[in-house]
Amino acid sequence: MSATAKYWRIALGVAVIAALIIAPMNFNRYGLYILSQWAVMTIAAMGLNLTLGYAGQVSLAQGAFVGIGAYAAAIMTTQGMPLIAALGVAVVMCFAIGWILGYPALRVQHHYLAFVTLAFSTLAFLVFRNEDWLTKGIYGISNIPRPNVLGFATNRPLPFYYFCLGSLGIVSLAMWWLIRSPWGRAFVALRENPVRALSLGIDTRRYTLMAFAIGSALGGVAGTLYAPLTQYIDPVPFNLSLSLDLLMMVIVGGSGFFFGPFLGAMIAVLLPEWLRFTEGYYLMLYAVAVMLLLIYSPTGILGILDRYLSERRTKAASALRAVAKSRLETAP
Amino acid sequence: MRSRIFAGLLLAAVSAGAAFAQGGPIKLADVAELSGGGATVGNNWKNGIDLAIEEINAKGGLLGRKLEVTHADSQSNPGVARAQVQKALDNEPYVLLGPGYSGSVKVTSPLAAEAGIAQIMGGEAAELTQGGNKFLFRTSFGQQSSMPKVAKYIHDELKAKSVAIVWVNNDFGKGGRDVITKEFAKYNIKIAADISTEAGQADFAADVSKIKAAAPDAVFIYLNEEESARILKELKRQAITVPLVGETTLVGQKVVELAGDAANGARGHVGLTTDAPVDLVKAFREKFVKKYNYVPDHNGLKGYLAIYMIKATTEKMGKVDAKRFADTLHGLTIKAASEPGILMDVTFDEKGDIDRQGFLVEIVEGKQVVKQVLPKLN
Amino acid sequence: MTAVLEVSNIKKSFGGIKAVDGVSFDVREGEILGLIGPNGCGKSTLFNCILGQLTPTDGEVKVDGKVVTGLRPSELNRLGVSRTFQLLQVFPKLSVRENLILAGQEHQGNMMSRLFGPSDAGLSAAADQMIGFFKLDHLATEAAGGLSYGQQKLLDAAMAFMGGPRLVLLDEPAGGVNLTMLGDLKERLAAINREKRATFVVIEHNMEFVMSLCTRVMVMAEGKLLAMGTPAEVRANPAVIEAYLGH
Amino acid sequence: MSNLLDLLVAGLATGAIYALVAVGFTLLWQTSQTINFAQGEFVMLPAFLMLAVMHAGAPFWLAVILGILLSLLLLGLGFKLLLVDPMLRHGVLPLAIATMALAIGMKEAVKQFFSAEASPFPSIVPAGDVSILGRVVSLQSLGVLALAIAVVIGLTLLLNRTSIGHQMQATAQNPTVARIIGVPVERMILLTFLINAFLVALASLLITPIYLAKFSSGEVLGQAAFIAAIVGGFNQVRGAIAGGLLIGVVDNLAAAYVSTQYRAAVPLALLIIIILFRPQGLLGRPEERTV
């Protein structure tokens, strides 16, 4: 990447972040709610992107992990405990369950993990619904308080949006760190070529479990934000369709790309708005659009962009290579 | 001749001007379960609303103004419902319609109350109107008013000492089951079996064999229409002959259609149904079938009524006043004689609960037969 | 000289077919051992059994005197046994440098230090040195997938050396490489053997390549060891000529 | 004890439905590595096609024939040409996800163009009960069971006794080798898609009178059939049948003896156990593991 391109990129990043902070100040409550929802769903989708996009494991249970996080937050904060404690519980639980659920992935073909997680997703829904003593069952838990962050109350929509945005920022930084670390490299290696990864000393089992567990834990983080966002939860939103929605978000945005979940969540949250004029047909159009996109580019929208950029880069590189080749051939 | 044309033009100009002066159409906002698990509920509700609005607009609108509604999809998800209601409220509608799921009502009603906008919804869970919300109105009996009638009937008329309860495990079924369980406790009726079923369940063999093993004096069935039909068939197959009692969803025409002979003998309390032996309701049903090509369930009726509740309340106020709407509707009695669209006389109490005539019916040879009319309380 | 690798009586059958049928040999420290034989004689299967990719039906493998049979490939790799594959196996989306860092990172620190430590696991310098050694300097930041076949082959070999292995098993390193690159590759392998004291076992079909690079050559046929000796001895062995060189 | 027998019979009847849906699943997987998440919707749709023809004024028998032909066209040929062929080169996963999108699209389309309401559907089997060994069984259930058995026998005969069957098996086991020995692989794959479309249309015809024609009725069916296919063995036709029957029975026994609230969990628990300890399924052949 040339230096100017790098500066452009930084400038673009700063502009987007500034826009996310400043623009919503004039938004109405609905706009803020939608943006907060986007931030929360992005976190969940980022977790799934780690599992699916980087480590290549299909999970149909991300919605269930969001549910576990949401219930941890709802149950604990309505009992007067702080949200941060709920966050801790949610992360630990989701991490542990994710770790255990990852085991089948080690034993069998990839797509079987999809079935195991699908089963888990339904089981989690049944527990949320049936264990009234803990989750208040189908009636759900209402009056979930919003937290005080560093002494600021986040009851009103704008502060709560900043809380969600801040959380997204922290998670993004952590994720950025993770995928740039040797772990991130190992995740990519086990997605691309597990046999070769093994021969390079990479413990594919441990990394697979880690990718799955960390991805699940991020689902839990999203859940602990979701509960105070809606201030009421019942089991219905955490059924299989949320897991499918999250999967679509990751795929549509671009699995394996850092910004894929941001884009995918934005499309999923805002799409009903954009397609409003089509009335009842918007989900149908969404489904058709997803199929067409997948046919054209299985790596999603960012995949198209990436293809375009790498074509340009290849052209530049082949010129470079021609020079290098002549140098190599004349070398003694 | 000339003067008549002139007068006509003048009249048209004046009325157009009047409509303009009134400030355009009256905006209503509907948020309903148009997709997801509650799609049947939401689409019936929506169609009922559209039908009523079409009728009113065809007759010149409400106080001379057209009604206009926007429909938003909650995807049967309380989180989305909240977002959509928030959005609807930001546009300051005259009245908010929906949602139908009790959970979605629970999460959205504080928002409407905060905005001071009346919300007419389809939820039936008992607790919805118990929280002191001054802006929330039902379109049908809450379970807290229908279940006691059923329990009383089971105790007084059937003299049952033990009852098996079959319910669908969602907020509708669980709500009904919890209320009637309390009612049975009051009458010292033993619950012989407490059977939860899934929405969309096709196979009731195991559930019915449990009922058979429990040998109750009566069975209380609280399922949606399709599942009701399936369990009735299975009950007949396993030769269970004790009385089968339920609510609107057990004895509706649709159940009879789907269950055939097996529906005979089923009885239940009917609050709001397209099968009610009331001429206006029959006429509604015909209009609905003509427009949409299918027989609506009670959610279609609820959506229709919601619009006529708005009409009656607004006409009572004499002007479109969102602030005073809720106050006016509290304690209001709407007579079908003066407002045929309301179909049956109805009164709203201070909590937003509904009071209306009800019926106890039994299916005899594929037809609903009214065994008892439960009068309006006041 | 001590034996780095001791293979005794390895057997591997698939269904009823004996792919490897009781092969034993030692590899001495610092040598380059060639392994040749006609296609389907069991060379690659033998490699896979030694490296834990396949579990041998019978027999034992020792590295530095320690029994390693049944260990997973990743565990073996961390004991200093490295390999390349017959078909190209680089990570096309990572850059050349990233490929090399990846190849070395599991030999540095532990899981925690790899998470919280520097993103290059402290291997940038080592990777650049390796890049220089294999003359890939100008390509360090290129995506590996964009390299020419020969360059990828060099990278593939370079990756096998990143962990500082005691023993490297190379499966047809010269396959598909053009003549210019071939000389380069051979020269680099010889140099790395000299400078790093690494021990090699090389499967190769290119006789000229094997005979000029290896100190000893082992010939396999039909799952069994046919001959073993210096290149000159093997070339002169009538059985070998019969079975392999003959055609 | 008589209770248990009742449950077994009822479970087999439901299980036969799952089995019918699961068979097509395994066929698609075997010949073209297609995991069809829309299989439940595939069963839902033909009934609506038939209803649409009937609404246009055609008699039932004509609607059935046209419905089956339309299914072959849409769910067989159309599905393969428009979705599977362009997606297959991207691998198993993107295609599986595309079928999830397809499922959403089909449900929404039926809801929008037809109705969100359940519609009754005429039965080709008389809607009566018969008494067998003292148990009352509905004719419809018997019809489904009979069809399921006929399908297994038919498919087994087709696969094992005819040259087309041998070619299909060769295609399923190793398409590359099959192509070399002269099997028209493409045509064989298309044939399995057509067979699947035919089976789902038949299933739709038999099941819809019991389940009712409703846009969402594929959800429960699809998942149950899925579980049945995996439990029985993803790569065996008879595995799918055994899995379907087993899931039907287990579901009924779970509802009667475990808990009605958790009845849905029991088949899922069975699924997880099978995947962990016998991933190829009860009757399946082991497939190579990837890692």
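So that you can tell them apart, the chains are marked A, B, C and D in the order they are listed, and the count of residues begins at 1 in each.
Note that in this section a contact is a pair of C-beta atoms (placed from the backbone, for glycine too) under 8 Å apart; a residue touches a chain by one contact, two chains touch by 3 or more.
Since we're looking at a predicted model, the values are computed, not measured.
Participant: Touching both subunit A and subunit D, which chains are there?
Facilitator: Chains touching both subunit A and subunit D: B.
Participant: Quick check on this structure: which chain has its C-alpha centroid closest to the centroid of all protein C-alpha atoms?
Facilitator: Minimum centroid-to-centroid distance belongs to A.
Participant: Counting C-beta pairs in contact, which chain pair has more, B-D or A-B?
Facilitator: The greater number of contacts lies at B-D.
Participant: Averaging only over C-alpha atoms, locate the centres of subunit B and subunit D and give their separation in whole Å.
Facilitator: About 37 Å, centre to centre.
Participant: Could you put a whole-Å number on the gap between the CA centroids of subunit A and subunit B?
Facilitator: Inter-chain centre distance comes to 39 Å.
Participant: Where the CA atoms of subunit C average out and where those of subunit D average out, how many Å apart are those spots?
Facilitator: 49
Participant: Subunit B to subunit C: how many Å between their CA centres?
Facilitator: Chain centres of subunit B and subunit C, defined by C-alpha means, are spaced 75 Å apart.
Participant: Which parts of subunit C, given as residue numbers and ranges, touch two or more other chains?
Facilitator: Correct list: empty.
Participant: Quick one: which residues in subunit A touch 2 or more of the other chains?
Facilitator: Residues 129-130, 204, 280, 283 of subunit A each touch two or more of the other chains.
Participant: What are the residues of subunit B that contact at least two other chains?
Facilitator: Expected reply: 35, 37, 169.
Participant: Return all touching chain pairs.
Facilitator: A-B, A-C, A-D, B-D
Participant: Quick one: in the complex, what on subunit A touches subunit B?
Facilitator: 28-30, 33-34, 37, 129-130, 137-140, 142, 226, 229-234, 236-237, 241, 272, 279-280, 282-283
Participant: Which of the residues in subunit B end up touching subunit A in this complex?
Facilitator: Going by the criterion above, the answer is residues 34-37, 71, 73, 76-79, 82-83, 86-87, 89-90, 101, 103, 106-107, 125, 127, 169-171, 174-175.
Participant: Under the touch definition given earlier, write down the residues of subunit C that touch subunit A in their complex.
Facilitator: Those in contact with subunit A are residues 51, 53, 72-74, 77-78, 82-83, 85, 89, 91-94, 98, 101-103, 105-108, 111, 114-117, 119, 121, 135, 138-139, 142-143, 146, 148, 159, 162-163, 180.
Participant: For the complex, which residues does subunit D have touching subunit B?
Facilitator: Touching subunit B: residues 3, 6-7, 9-11, 13-14, 17, 108, 111, 115-120, 127, 129, 136, 138, 210-212, 214-217, 219-220, 248, 251-256, 260-261, 263-264 of subunit D.
Participant: Which subunit B residues qualify as touching subunit D in the complex?
Facilitator: So the residues of subunit B in touch with subunit D come to 35, 37, 39-40, 42-44, 169, 195-198, 200-203, 205-207, 209-210, 212-213, 225-226, 230, 233, 237-239, 257-258, 260, 292-294, 297.
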